[in-house]
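Below, subunit A partners subunit B and then partners subunit C, in two separate complexes.
Coming up: the complex of A and B.
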């Protein structure tokens, strides 16, 4: 077994002690890629509320369908044994309360983000980390995301809990999506694909309505790998060029019937009617918060002028 | 703690869904389980009322409801729905039946599309007993008799009036006897 550099995955509390305060900007070349603007799954994104009339003629507020991609942590854990409607409602209230204090922007797996956390042990009391979001999960207040970066040739990943009160600021430096929902293969990819300068500036979005999907295909390092990537249907990876026996074994081990298992899909997701109810409840407050932030930003830029 | 899968939008099912699926013992394993359930769902759509063992009926009910709800939500031009219909219905004319007959029938339903009724449990037989799984709105006579008793049915109206008349006649008689008693005393 080859010895490999130990993958350092931190929770945000431990990370502070491992960083140099004056981060040297990396000399590795940044990855050049072409972002292709393709439409989002639900079509064009619009911010205004959809108002549908019901029989009595009163307007019923319905959240735009893209809300489920923008705020997936508002949907509860689909496991039936642990569902509790009251607990979910209280959790949503707490999430909205936190969002009124700090801006948690829209982001997806593949977006480059910068997170500032309050840290008692650092000289300026804050620790900032820049990285690409390789995975996000959790539901409710326990929603988390993992940022990955390569700092001085050492791969570093930090798991941040989105609603943790220690988080001071979450910025999205580059908002885009990738071909896969989970980019854990970046751990086995060449380091240039995970390297982002720590002083990266936020990039202006070309089109505010659509989140671009980056069709980048990543090159992996030679084997051994952390996972059997040939067994996962990865779109964002270049041809693995493995001997045929790997693909044969993958076929033997595969479960092609799961694609057709309707009840399995049902148990893994929240039905559409419930999703609509949840987002209708939450939508007006989220929109109000966004408006207030826009006003504050506009007032701020006016004051500067 | 997992996030809900967002790749598909599914309609809420109006049946009781258990948290874990039932695993049937099949020589082919999990692939064989879906193959057997496919045969059951095909038979249900074809005959609209089938009698089978209870565990298989309960599982097939879930899959049938999911298939019909997907067909209603997405229609026949949706690629994924058509793939599912093609997989779950072994006979291809039943795919036409699903989209052309069953979808219009269940379009405005607020209840489940299937009904699961417990069947006879003969001794020694299978422990879980039999069940009858049927699609609602089928052309056969109802399995269970109507248990409702509405007050506006004619015989109920007549009975109510007869009761009122009897009570008022009894009160008059009682009033008459008490008056005669008071008159005597």
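Coming up: the complex of A and C.
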């Protein structure tokens, strides 16, 4: 009974809080909820914990559903042949250790970020790169993301491994999402869509609760392209204006039945029950780290004053 | 010389053609002048032709699906569905009564002789499970791939002294021309006795152990012998030492010649008719007029016993019994492997390791939980500035 109720809240929470930071608890008839909010006058983000009641009366901590989007690298690779619970647990411990040293902020594809890396060949020994995140992937300590920018009319993409100890600092200059999960089409787009000033300042957002979705539609350069964008169902590109035969071939080659293939999607994702367990394990430590950072920042701003 | 020698793609092979002519001349000469001395090499005309002599043991059977004949039957063959629920409960109670009151074994309980370690000592190995691969970074920022090995609950089942072991089937083969060594039988992964046969369980009854899913033999020198019921843990190894890991490689099944032997196959296009991933020629046609043994062809690939030698241990987690080893080991994830001290001469022990094995300190002080090699970057420490 509890499991079903908890799962229902989890899934409904997923649907509702897809863009919202604050998970609004939905009341169920049998289970009572308590939201514990840590608010902050600096207008910084806060994370809520849902505590659901157990049958015996003990509280069971359930991490908010948006953890799945904020920290996707904590979820392991779904391929069953190579999964081992003990190894995943140890990897998560190592990831939390690394996160205690450096702040790896929440970001999505489409956010503009700046990464400072220790580089022996640089004049200052540190290399800073600013770019838009066009793709992110990997799980565990292998998690990576690609930043793209156009520097002196040359497109540059750099793949960073999130947990590499050479990384000194990761800043999110503009936190937003785009209409697609992968922005690889920026390679074929006009260069202005990938250009960001290297000395860009971090932008403060008006509404801290919601991660905005930028509904920008990007204009592509004339063909030839690196990929067949007409076959990929992209939302963030302007009308491609191709001859009809391209769209006909795309229809011929398309696999419309895949959206009904439940097993395919099941195999590609970690089940909700497991996700709950994983994030519950990891949540308290992440919250502690958040609090420590806030304290440090507050102390730092107090010292300045 | 009527036959045209061509190579795989149908082009006339001029080089071979020349040698054929040369051979024809020699053959003719020999027929006419029998006193002509010609040094034949062991392969006849093989030296003149671009054919590598295969000297592998290709006729030795490398894989079996059954255990050796001297093993007892292991898994329970009985059909248990007809047992009533009451009887099932009774069976469970019997098992519990038999194996309860097993307290963890301390070093002081076992009577281990105080033996001295010397560089020629061969210590016991350990049975572990390969649970995956994790990336770690060295202090200069270089990424290394480390295999995570989970040392299962190993216990020594029995020790066979050298004189006795030399008389066994394997012992006679192994110690034909050398001094015999002892054998330690180690078991890992305790399981419910229900699933095994009585004969298999009796192997463990003498020492009072729960039957183990996996058994292995480790060849040891007599001074590294261990009494039965000795636990072997991750602390048996030392940080920075080199180990050899033995396992069964990934089973690829029946594979073609391109994947199995790395052949190039044929062109994908340009008119190639039904020749893309095939082997091509398998013989010369003239010399020996047969296919040489060991000719590389499609067949079963993988599932073979292999050693990866000289892998360095970079991290040990004493709490979870985990060893991180730099490099990869044979076999897929979640497969069982055996870990030994290395035999490579330059990476052997110079100082004494935990001999004959490691025991946690008696005074209750816990050992350091997570031990890292000095070359590795610890995750909790500050970022690297090169």
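Keep this in mind: the second predicted complex is superposed on the first by the 259 of 305 C-alpha atoms of A that agree within 3 Å, B and C clash if a C-alpha of one lies under 4 Å from a C-alpha of the other, contacts with A are read in each partner's own complex, and residues count from 1 in each chain.
In this section, a residue touches a chain if its C-beta (ideal position, glycine included) is under 8 Å from a C-beta of that chain, and two chains touch if they have at least 3 such contacts.
This one's a predicted model, so the numbers in the text were calculated from it and none came from an experiment.
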| item | value |
| --- | --- |
| Touched partner set for A:266, first subunit B, second subunit C, both or neither | first |
| Partner chain in contact with A:73 - subunit B first, subunit C second, else both or neither | first |
| Partner chain in contact with A:142 - subunit B first, subunit C second, else both or neither | both |
| Which superposed partner A:118 touches (first subunit B, second subunit C, both, neither) | second |
| Contacts of A:255 with subunit B and subunit C, given as first, second, both or neither | first |
| Subunit B versus subunit C as contact partner of A:81, first or second or both or neither | both |
| Touching both subunit C and subunit B, counted on subunit A across the two superposed complexes | 81, 142 |
| Interfacial residue positions of subunit C with respect to subunit A in the complex | 131-132, 134-137, 141, 143, 148, 150, 317, 320, 322, 332-334, 377-386 |
| Residue numbers on subunit A that touch subunit C, as the complex places them | 81-84, 86-87, 90-91, 94-95, 97-98, 100-102, 118-120, 125-126, 140-142, 161, 163-168 |
| Residue ranges of subunit A touching subunit B (in the complex, touch as defined) | 68-69, 72-73, 75-81, 136-139, 142-143, 255-257, 260-275 |
| Contacting residues of subunit B [partner subunit A, same complex] | 1-6, 8-13, 17-19, 21, 30-31, 34, 59, 62-63, 66-67, 70, 73, 83-84, 87-88 |
